[in-house]
Amino acid sequence: MGILEVKGVNKNFGGLKALQDVNLSVQEGTVHAIIGPNGAGKSTLLNVLVGKLRPDTGSVMFDGKSVLGRKPHEINQMGISRVFQTPEIFTDLSVLENVLIPCFARRDGAFRMHAFESVAHEGTINEEAEQILADVNMADKRNLHAGSLSRGDKRRLEMAMCLVQQPKLLLLDEPTAGMARADTNNTIDLLKEIKETRPITMAIIEHDMHVVFSLAERITVLAQGTPLVEDTPENIKGHPKVREAYLGEAQV
Amino acid sequence: MLGIGKRDTTILLVVAFMALAAPIILNPFPANSAMAQFNAGYPDLMQRFVIFGIFAIGFNILFGLTGYLSFGHAAFLGAGSYAAVWMFKLLSFNVIPAVLLSIVVAALFSVLIGFISLRRSGIYFSILTLAFAQMSYNLAYSVLTPLTNGETGLQVYTSDPQYLRGEGDPIVTHLFGLEMRAKETLELGPWAFDFSVGYYFCAILMLISFYISIRIFRSPFGLMLRAVKSNNHRLSYTGLNSRPYALTAFIISGAYAGLAGGLLAAMDPLAGAERMQWTASGEVVLMTILGGAGTLIGPVLGAGFIKYCENIFSKINENVLHSWFAALPDGLETGLVWVASKFVGEGWHLTLGLMFMLVVIFLPGGLVEGGQRIGRALRRRRGQDEPGRSAAKEPAE
Amino acid sequence: MDAIILQILNGLDKGSAYALIALGLTLIFGTLGVVNFAHGALFMIGAFCAVTVQRLMQLSHTEIDESRTDFLGNPLQVEVPYLESWFGPELGQALISWSVPLAILLAIPVMMLVGWIMERGLIQHFYKRPHADQILVTFGLAIVLQEIIRQFYGANPIPTPAPDALRGSVDFGVWLGFGPGVIFYPVWRFVYFLFSLLIIGGVFAFLQFTTFGMVVRAGMADRETVGLLGIDIDKRFTLMFGIAAAVAGLAGVMYTPILSPNYHMGMDFLVLSFVVVVVGGMGSLPGAVLSGFLLGIVQSFASMNEVKAILPGIDQIIIYLVAIIILLTRPRGLLGRRGVMEE
């Protein structure tokens, strides 16, 4: 039984079958990549997992509970954090405040009216936030405006915001999309480091094979809305079906 | 001190000093001099400064922090005024129950409107609040006449019951017998300073409101409100439900508006529907933006600035203008007076509209940002004079 | 039955005005992505074009009428409009009486110019700014425009009558097969309705059948792509702003016999027109027109004494109530696309 269990999920948009009978099981403590050519349904699947889309049929169980029909903030409170294709951070706030918010969310839940406490007096929360910034090497940037960071730093900050919540599952949506090679390698290093230092489960939706093969322990190949195969990276590399699906755009 | 940081304490103390010393600070010109018309230290005007300051401080908690632009907050001000006058009519002229009820009524009213309006965001939210405010305004003029006394406005009559009124109680608004209109005049040579009960009552409530707003700004709750404005999407994927946060901010700002409305009635026991009109909502938006939305002190500055300009500009008439430009050649004088007269007196609203546009165009951060820019420019100049000091960087705020 | 028809007719003139203003608002919003709170002021400026033309036409000089004398036996001094001395009394009088429709000739260039100045001078700098800033700056502009008008024309409503030939009412019911005297309807309101249909038809035809209109429609659907095609979309959008301003202005000109123009009529209509746009669906032109007429008629029904007896005050709030219900249950409006202006 995996921490995330997707069973028989179907999703149609008008006549388009975006997802067909998708089954997927992510084991606790592993890095699981979901790959596939453009239009394979990766983003649709992700949006189903985070509660943004509701599948027509099927079930999505996380940690023994269904995520269907829950709002994004409820799903996050269950223990799923998400990293976006383009980093989503609070651009008007300082770097430190960006990580304080998830700290409060973890401690206080979806809503709590602490209108008279001072943020500065929240000792443990501030320590936690400072610690995570140190972990991602951003301690010196704590007072900067988050909007003024470089793209690589924004990605780092977003990661920190997710990690500080100590999620049971971290979903990454093409974390290196549109990045230069150097930034991509930095991100890979960061993710590797996270994987080695923390007991974390990750599901990565990715297009870039280099990223996938550097990180993943299990790979699911999605094509035309259906999972084609699921296996270890070594076996996937030589798999004929995968080559077929990627025909013409393979980097394998 | 008081559970707030050092800088905030300084700001609070400065505001407190300004508010308490206002009768002196705002009357820099001798009472009989030609410049006396620029004095602002009389109770009626100072009361408006602080009352609208309260209104703007509250509005800033919603608009400045969460970015939700409400065009309907005048409805809460109006509701507060009506509630206060009803207290005067039913209980007594004591202002305490009136002010308390005005806060409660406005808060309840804003729960209703906020709950519905916050189902949408962006421009839809603005239009929903606008629609609600116009509805309230129209209703106050028509069906709700038994409650609002329609076009005449709600006021206290001698025939009103005033069940709690004691034998010797004053027949004007008072605080446990202390009349709101009572004042002490201090004459120092040619200067005259008025210290009025009503003003200090309002000023102290303004300081309390300001202190509460500082606490909210620096609290985890305030941080969440700023996060709502910055990136609502990220907020929900961080496990936070933005709607109750925004709704709480809406209710708090509604209660502030109610307090302001109640105080208006406490100073002058009248309430009319025109206080609810959407252009009145526009005015508080302007105050907040002019001062600096999202800053602590901005709304107070904005409210004071606008109410002062309103007072000065509306007072000036053509005769005053002629006396100013009298030294100029006749033709030029007539021309200048003609142009200037369009902006003063009844033309004050024209000036207000222009100010509104200029601020939004050139100074979206308001007076506070303007001050910071000037400060930076000055520092830069000083830095050039003394090269050694330019290295010291300002901490990011 | 006759009562229903009467209410529908009564709703038409207000509905026409709503539809015309909402049409312009939607054009501006759809093409430029700008929320224009000064649009009501354009309606008001149009109305004052009619006032101006009326005043110009009535400009008079003093003449001594030898044929009449005052009670002392001196020849009477009379004010004679220039138009009468130039064109003779009959034609002169007719021109004066037709000043409202004639004001259209003035309003079109004036409104296009006002629109052009507004777009180039102010609005274009706000395309990239948040909607809140757009709302605020145009709100400020609306105040400025209405105050300028007040400075020059005063605060009181100025009566601007319809042409003599189009005053009074017709027995509309007879045409529909009812008995005489059942449904009376003022001629001018009917004229206004037809006029608005003409304008609406004109705008739609223009968008449908000209290359210019095609580009604008494409731009409304997907601005970036059209820009990529190498079409200078901005210039066309500027003209579109002028057209939208002219539509609002013409709506104002012709409305003057129904409502004597005052300086704050723009604000009064603006709030309602926004409600109309939202109900119709932000960015949908047919939606704006449909909901304009619909809300006009709904409002007219709500003002019936029978309805007011059951729900007192309903006539004052019905439009807002409809808008609130629509926004909450169907945020995209009657005919709007999903997701316009929603984050």
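Order of writing sets the chain letters: A, B and C. Residues in each chain are counted from 1.
By our rule, a contact is a pair of C-beta atoms (placed from the backbone, for glycine too) under 8 Å apart; a residue touches a chain by one contact, two chains touch by 3 or more.
To keep track of the chains, here are their UniProt names: A = ABC transporter ATP-binding protein; B, C = Branched-chain amino acid ABC transporter permease.
Everything numeric here is computed off the predicted structure, so don't read it as measured data.
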Chain at maximum distance from chain A, centres defined as averaged CA atoms: C
Chain whose Cα centroid lies nearest the overall Cα centroid: B
Where chain A and chain B are represented by their mean Cα positions, the distance between them in whole Å: 46
Length of the line joining the C-alpha centres of chain A and chain C, rounded to whole Å: 53
Centroid distance [mean C-alpha coordinates] between chain C and chain B, Å: 35
Contacts with 2+ other chains: residues of chain B: 233
Touching residues (chain side chain B, partner chain C) in the complex: 67, 69, 116, 119-124, 126-128, 130-132, 134-135, 138-139, 141-144, 232-233, 278-279, 282, 285-286, 289, 342, 346-347, 349-350, 352-357, 360-361, 364
Touching residues (chain side chain A, partner chain B) in the complex: 50, 71-73, 76-77, 81-82, 84, 88-94, 97, 100-102, 104-106, 108-122, 143-145, 161, 165
For the chain B and chain A complex, residues of the former touching the latter: 3-5, 215-216, 218-224, 226-227, 229-231, 233-241, 244-245, 248, 252, 395-396
Of all residues in chain C, those that touch chain B in their complex: 35, 122, 125, 131-133, 135-137, 139-144, 147-148, 150-151, 267, 271, 274-275, 278, 282, 312-313, 316-317, 320-321, 323-324, 327-328, 331, 341-343
